[in-house]
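Encoded as structure tokens, the structure appears first; notes follow it.
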């Protein structure tokens, strides 16, 4: 399993790059993009601010990708998370999972997002009006 | 719910277009891309050939998007399927689902792919060596 | 030339291969049950016989409901198991 | 100047706000239990008290196991509930 984690302080690469051609033995690519909504708890915002304990976030996210590949065999999985201010409509996170068949990729992607939100030390620490 | 279905005899648009900015009240985008693998039943191939009963495939796929939005409320869902020969590594299908939160988008996308493979009159009718 | 009402019959995928054609028109003046439709289809194309259990019929782009009749001027399609995506 | 071994303590998110700092070093020559660690953290930063039940400790970038000791020269982080993605 090929696994990659990147934490970036800039716009996440356009999906055309994230969506690089899959391996020839992969038939399914599931991508999840989490974008910043225009309100937080009912208040309009222009951006969310994300912070991370970067080396631990890298380590935990990578371990999680490897762990989930035991239960849901996939060929490759990569996660990018943006840090600092992320404007409304922009991607805060992008996950891409490749597998031979679609069921594993869907199950892996949904499980990864659940676990990310429990274990990976990344926080929304504020917003801009 | 905004729903779109397209059947095309050309390369599916790069994901950067498919991945157009989501609506500002959508926080989750799930995309599924089904690509042609390099073998079919153990035999190496260079392309798969897809055929459709086009007006019915359009109609059934659109009705399916609308039906699934009852069970899994999402803001927008679009499906593109390529017809004719589709080379190895290229996308045969691309599905994009936007919702406020991720659970609905994941559930919608997985359910749509299951139902597509039961009900939408599109067939793999052969392959190229 | 007399202008008969016709059922337009479409064959897809393995049904097209077995029938040796993608499209036919059958002149008819009365409604057809699914059973009567199949009797005529198998008379014309005996090679369809082994496919019949897996083929669904569609009438005017909608899967046929049990008991529903095919009307003259309908478009009827033979839908083998689909395999898109 | 004497070179003491130090625990490096990192405060994140709400823990940083409550502590009023992101990082400290505590000189210590002996291992610390999680309880001893918390006693010292709350002595230095009483505003952390309401957050304690929801904060997990990490030792050298790995969540601390129950009963595990913090060693001099470890990096210890206070991890409030995460909210990435």
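Lettered A, B, C and D in written order, each chain numbered from 1.
Note that contacts are C-beta pairs under 8 Å (C-beta built on N, C-alpha and C of every residue); 3 or more make two chains touch, one makes a residue touch a chain.
Nothing here was measured: the structure is a model prediction, and the numbers come from that model.
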item: Number of steps on the shortest touching-chain route linking chain B and chain C; value: 1
item: Whole-Å separation of chain centres (CA-atom averages), chain A against chain C; value: 48
item: Averaged-CA centre spacing for the pair chain B and chain A, given as whole angstrom; value: 22
item: Geometric centre distance via CA averages, chain D-chain A, whole Å; value: 27
item: Two or more partner chains touched - positions in chain A; value: 34, 102, 113
item: Sites on chain C at which at least two other chains make contact; value: 85
item: Touching pairs among all chains present in the structure; value: A-B, A-D, B-C
item: Contacting residues of chain B [partner chain A, same complex]; value: 14-16, 18-19, 21-22, 24-39, 88-89, 100, 102-103, 105-106, 109-110, 113
item: Residues of chain B touching chain C in the complex; value: 34, 50-53, 55-57, 59-60, 81, 92-93, 113, 116-125
item: Residue ranges of chain D in contact with chain A within the complex; value: 10, 12-13, 58, 61-63, 77, 79-80, 82-85
